[in-house]
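Every chain is named by a letter (A, B, C and D) in the order it is written, and numbering of its residues begins at 1.
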Amino acid sequence: MIKRKTKWALAMRRLTKLTLTKTKTKLTLAVPIAAALCGAPALAQDAYVVGVSAAMTGPVAGGYAPIVESMKAYIDLVNERGGINGKPVRIIVQDNGAQPSKAATDAKKLIGQDKVIVLINTSLSSTYAPMVAESKRAGVPLFFAGGVCPPATYPPADALQFCSTAYSANLDSEAALSFIKSTAGGPVRIGFAGMAIPLVRTGIEHAEKFAGSLGMKTVGTQYTPPPTPDYTPFATKIKDADPNWVFSWSPWVSQVRTFEALRRLGWDGSYLSWAHLNAEEELARIKDGKFYVIGTNAFLEDNLPVHAEIRAMAHRAGLKYPTSYLTEGYVAGLVLEAALKKTSWPPTPKKVAAAMSNLKVDLKGLRGGPLEWTKTNHFRTAQYYRVWHWDPAKSAIVRVQDWKVIGAKR
Amino acid sequence: MREAAEWYAELRGKNAPLLLAERARHEPDSVAYRAKHLGLYRERTWREYAELVAHSARGLAELGLERGERIAIMGDACEEWILCDLGAQAVGAITYGIYPTASAAEVEYQMRDGGAAIFVAENQEYVDKILPYADELPALRWIVVIDDSAMFAYDHPKLRTFAQLLESAGGAGVADLEQLGRSIDPASGAFIVYTSGTSGHPKGALIPHGTHLAAAANMVLHYETLAERAHRTVAYLPLCHIFGRDIAVTLPLLSKMVPHFGESLEDLPQTLFETAPTVLFTVPRYLQKFASQVLVGIAGTSPLKHAAYELAMRIGRRHVRALWEGRSALAPLYALARYTVFRPLLNKLGLDELELLVAGGAPLPPDTTALWQIWGVNAMELYGQTETAGAIITGQRGWFPRPGNVGTTPPGWEIRLSEDEANRGEILVRSADLFDGYWGNPEATRETKGEDGWMRTGDIGAWVDGGLRLVDRARDFIVTSGGKSLSPSYIENLLRASPYVAEAMVIGHGMKYLTALIEIDFDAVSDWARSRNVSYTSFTNLAQNPEVRALLDKEVARANAELARVEQIKTFRILPKALDPEEEGEPVTPTRKVKRALMIERFRELVDAMYDHREEQLLAAGAGDVIGRE
Amino acid sequence: MQLAVNIAVLASIYALISCGYVLIYRVSRVLSLAHGELMMLGAYGLYATASLFSGQPLVAVAAALALSLLVGVLVYVALMWRMTGESVLAAVLATIALGILLRGAMILMFGTQTRHPLEELGWTNASIEVGDDARISGVGLALVLATTVCYGLLFAFLRMTRWGIRMRAAGQNPLLAAQRGIGLHVIYALAWGLATLTGGLAGMLIASDAGLESTMVVIGLKAFPAALVGGLDSLAGALLGSLVIATAEVLMVYYVDPLLSDVVPFFILLAMLVVRPWGFFGSREELDRV
Amino acid sequence: MSVPRASGYFRTRYERDFALLDTRTRKASLAAFAVMLVVYPFFAGPLAMDLANQVLLGAIGAIALMLLTGYAGQISLGHAGLLAAGAFATGILYKELGAPFWVTLPASAMVGAALGLIFGLPSLRLRGLYLAVSTLALHFIVIYLGSEYETKRGFSTGILIDPPGIGEWTVYDPRAWYFVLLIAAAATVLFSLNLLRSKTGRAWRAIHGREAVAGALGISVHRAKLTAFVVSSVLTSVAGCLFAYFRGFVSVEAFSLFLTIQYVAMVIIGGMGSILGAILGTVFVTLFPYFIEWLMDAFGLTDALSSVVFAVNYSAFGLAMVLFLVFEPQGLVGIWRRMQAWLLLWPFKQKPLAGAK
């Protein structure tokens, strides 16, 4: 009797083993669906889980994907060095393709399913609203890393929104116009150009006002619709207004094509535009001495020690982007690392928000000074600007203005 | 259930109009029947039914119809047919139906024979059949047309519409009907049913009121469920036939069965589908037709479905065989087959809720019965005659009886097999409720009814396993030149079991071997042809197609396999045209029974071609014309 | 003066794009909403051939044009051929779907970075003076010339060559044309080929002027009102329509509000649809056939 | 006259002809489906919940478009514009007047009705492509107005809207939204089905078939067309309003032309002339990108192709549309009907008693 029983048990065991190995392949396929649909309870949290919704792909990805890749590569380095407070950081990236609806879904999924402790947005400003809405509902801090900083991060800041991005519509205009005033050295007839999207229009309207306060004469403002086959008609109007300076704060394509159209129409004034990720490349392509870019991130040309680190990191991570594109993401990585370091284990969204509300991050020279967040200021207390242009004589990119600080305490 | 004899006696003292009036008084608001009109099933309660009949009676009376006069009704089964019929009965007239498929000559014969004063036509088609003779028939006073939608160009002094007739009646109610009913002598003739003999002119059997009710009651006693539960049935058999009248008129009066009339006979499949009858009385032809359509449909279905059907059939065959043998059947397995395959299959026909399916009027091939039983339909056979006045002589009963016999007699009825030398085995019936006599034909009456109270049926029977088996019509035996006496109907039924065969007639009387004339089932064969890309242009063209010939070769070989050598069909011919009872001189009765002699005469060339007469001619020449040829 | 030059350049762009709409619509009664994508494909084709045949810019341009023609024919053979007989909506939707597919495929292949095919070819976009106070870019001039040449050739082709006449015949009465032995599928394929060729050329020139990135497709849609205002089945109409739209746009930018330049073409289109739905030169009875 | 799907259902009144559910099987399966819908949120995770909500919301818009295009035969490419109109009406009223949802919802519907009238006017003169183009033009105009508002009022990153609520109770939990949207979608389905059974619905089908014949039959073609546009637009605007509340924001970027294409794709892929088609199409189009991502995940391609997920998705969507148009012009509902017919005809391939007499 006993003998038979053991035999039977053995057979059963063999049988279960067999079925197990057979179903294994199916299981691996089935588990993700089940998890996706039923939201299987997240595994016991063993890491700082960070959720990113970014324009990783799609028409505008060129301006955002490098930031996320670079930030991820930096966090990978952090994890290799032993993580933060002894725990690894897990970054979950959702691609929103710059679509608001997708961003909303991402946020829901990241908060509800992945139980992230902080949300990161690196995408077009149109994706902000849905993510802000979700972050508010769930009380999870939202960190803008790479997109434009929304007004809610300026003082008095929203408790949950933070921003480390280089640009900010109003401060940028002020810095740019100050530069123009100091460089022009005479009366300035200024023209403005930008893409006809709400964000840019708000920025430029601020610049128009600020120009007046600096005593400049605004001769014209020109908005071009996002897809435009020919910029010449728009440039013609600017040219006919006869400015000696033009300031453009827009997506790169709009800035550079307005400039090129102006040049082709025979305009020979100076043109200042915002230094996007690809600014360094583009300066070298355009090679125009009166084409200036203003920005807050150091250029590779500045050749800081940290640049070597970035290069090494890019090499290790096998990033496809030119190294000059990676600065912004590296900064975001530094900020994230600092914020999580101040968050004790086990982490909660609340702890992260608290940590971020009182943060000072050394940016290793990538910006003019440290990034500092306070209870009421989630942008930074001081913003530093540099200006570059292509020097035809030297046949190289040359810095024309070193870090100039503008306080952002208002 | 009360004593049979008692109930019979009670009914003998009544008549249908009276019974209707009583029913209308007892349950005025229950549904008596439903008739489809412009897509809707119009429900008629017993009260409405009785009132309509009362209207009809008064309308007919206003047309001058008197007690004892005859009225003829021609048309497919429909609501108005019954209203006319019962209305006429209520005024004491004798009604008779004429087969909707009858030829003009037959119509004329029956009109003269019956001497109807009023001819009721269902629609313009039947008016056309009577109009040419309308002025030559001395007795005919009125022609009433039910559906006058195509009558706009008709202008004849004798024409009336049924609607006018009802209108003129206004105000008649249940009480009037009851009064009329009470004034009728239950022993007087209620209606005549013309029997479509396979030889000679049809004879009209006169059936009295009470007799009919008492006779039909034996069906209610035999099929108990009719009185136990409410049932839906479909009335579509010709009402001029006693069986059709039973189903549409008499049995509903005596039981809880509710008949449904379709919009037209052509829509029968749809009527069945929509009403899903729980009880269906039918004639074998329909069952065979439906079954063959199903088989053709299954043959052309997708492989997976076909495999499922085949599997279910295997289970089903074992199941019914076990049922017949009284063994425990493969119940769970069969239930699975039934719910996954057979029920959906029957559902397409509207037959999935059937509790009782009874075929009568002609022999049903056992294979066909078996097939329906496998599909889960409680199919069985009954045996009756016009002369039994609406009663059945025998009928199978119970749950899935084994096919092959026509069952046992209902309570109060007796049968025995004749032991006379001349017609040994002839079935004789005795009951108090037999027909009165043939209309104007006392000789024939005497010959059938006999003097000992036992009525001759003309059918040869035998007892098998406690049930009656019909062997053949008395004079229909084939004696081959080899002296073998064979029953052609057995062989014909085997042939008819094929879905592709509509009609088969075996020949061989005085011949060395048996041959057959076969009419193909046009629908089934044309479906088959289409599925095999066999092109054809007409019936004749299809019948002559070599591939069709090959198909039937196989079917005949299949039947032969079940026969003894002498019984086998040596060769056969396919009829080049469809048999049409409506055509003058066709060798087929309105009920599609084959008239043998006429058939052989009509297709003489085909028959001759099947027999090599050289040998006989040689022998005849050798012997000289000593005997003389019949 | 500069305004006139601007109008000429913009009108040329619209005209060069919209003649593709007209060609396809005229022959097969289908509106191709994949035209913007096919245009962009032409531009990427140039970028690809430019890097392939570096140093031989003319060869690269010729190869890119041939490629465009081939793509157009392929689109018909692989997809639109199957849509014959389907409803107009289905056919239009098929082109939309094709557009989506192509756009995705192009992003897959070329990424989202801005490309500069002109530099790849080794040419620069010089600025040329016109008259006293106006200038035109080299590419702009090329655009005007290309449009002129294209329309000239197309007019000549449709009026004088055997295939051109067949094409018109197929457009006017496909049934009769087929009965006269004209191979409709060949004609349709040819129409798609030519339409993609002109569209591709437009794409190449625009990309040379402005760089190439995946947002270019929208420009295809902007030329759409031009084709419709002129009359969807008339080349002359497309020319006139482009001129009207371009003039309205340029004047709007200069004198009123640049923000309106995106909407104005559609206002003109709506006005046209209300007043004269078949456009300037379109045939009136066509309306019922769609 | 429709024929019931199973035997034993005879009609004694003509009203039965228009019954939405005829057989017991259908009633039972619908009840089972309803139960599934009700218990779904208690088993679904956050992503699945959000997807379900998206589908429900999308279904309202898709049904609206189906009424217009699939039944009345009027092609519209202005669907995103109409959604935007509803959403902006809600957003503006909320921001400017702080209007609660029971004000914004009817207001959106009214804006939709007005726009429907305007969108419908060209249809009186135009047909087919020209009509499509005119509605496209209107799309641009609505979007232009929306972006003007956003800019002028400084809501450059979109208008934020608080969750709607009655008294203390606010709807922001996905599960609450699920039931709200489920009720809205079910109401839309019922409303549409009933409308289609009515004189209006029959008039639409008639003008879809052939306008001249419909006119000859005494149908006011103009009125039928305008009603179609108005009804469709009202439903769409209401969907837009719900979108605004559900997503908690309104911005022009959310209503691109691609959204219109997605809706048209829902209608086409689902199958023209079928409410069920609209729903199936919505499910397909909404879940398709997630399915593709999941597929890439399952094959371990996500890392390799991470930078091109969008492009792969985009191409796959285009490809799916092309395949549907070429190989299954009847759409998903065609497949569904074939499956249903396969089952309904079981064990036959065709109706067996066609020729029985």
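Simple rule for what comes next: contacts are C-beta pairs under 8 Å (C-beta built on N, C-alpha and C of every residue); 3 or more make two chains touch, one makes a residue touch a chain.
Everything quoted here is computed from the prediction, not taken from an experiment.
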{"item": "Distance-to-centre winner among chains (Cα means, whole assembly as reference)", "value": "D"}
{"item": "Of B-D and A-D, pair with higher C-beta contact tally", "value": "A-D"}
{"item": "Separation of subunit A from subunit D, taking each centre as the mean of its C-alpha atoms, in whole Å", "value": "36"}
{"item": "Centre distance in Å when subunit A and subunit B are each reduced to the mean of their C-alpha atoms", "value": "89"}
{"item": "CA centroid of subunit B to CA centroid of subunit C, Å", "value": "77"}
{"item": "Mean-CA-position distance for subunit D and subunit B (Å)", "value": "57"}
{"item": "Sites on subunit C at which at least two other chains make contact", "value": "107, 259, 262"}
{"item": "Subunit B: positions in contact with at least two other chains", "value": "none"}
{"item": "Multi-chain contact sites of subunit D, meaning residues that touch two or more partners", "value": "308, 310-311, 313"}
{"item": "Which pairs of chains touch, using the document's own definition", "value": "A-C, A-D, B-D, C-D"}
{"item": "Footprint of subunit D on subunit C - complex, ascending", "value": "31, 79, 82-83, 86, 88-90, 92-94, 96-105, 107-108, 221, 224-225, 228, 232, 259, 262-263, 266-267, 269-270, 273-274, 277, 287-288, 290"}
{"item": "Touching residues on subunit C, where the partner in the complex is subunit A", "value": "2-3, 5-6, 9-10, 13-14, 107, 111-114, 116, 119, 125, 127, 129, 135, 137, 140, 206, 209-211, 213-216, 218-219, 222, 249-250, 253-254, 258-259, 261-262"}
{"item": "Of all residues in subunit A, those that touch subunit D in their complex", "value": "29, 32-33, 35-40, 56-58, 61, 65, 93, 95, 97-101, 104-105, 108-109, 111-113, 124-126, 128-130, 132-134, 137, 150, 196-199, 201-202, 320"}
{"item": "Interface residues, subunit D side, partner subunit C - complex", "value": "69, 75, 122, 125-130, 132-134, 136-138, 140-141, 144, 148, 257, 261, 264-265, 268, 308, 310-319, 321-322, 325-326, 329"}
{"item": "Subunit A to subunit C touching residues, read off their complex", "value": "57-62, 196, 222-234, 236-237, 240, 252-253, 257, 260-261, 263-266, 285"}
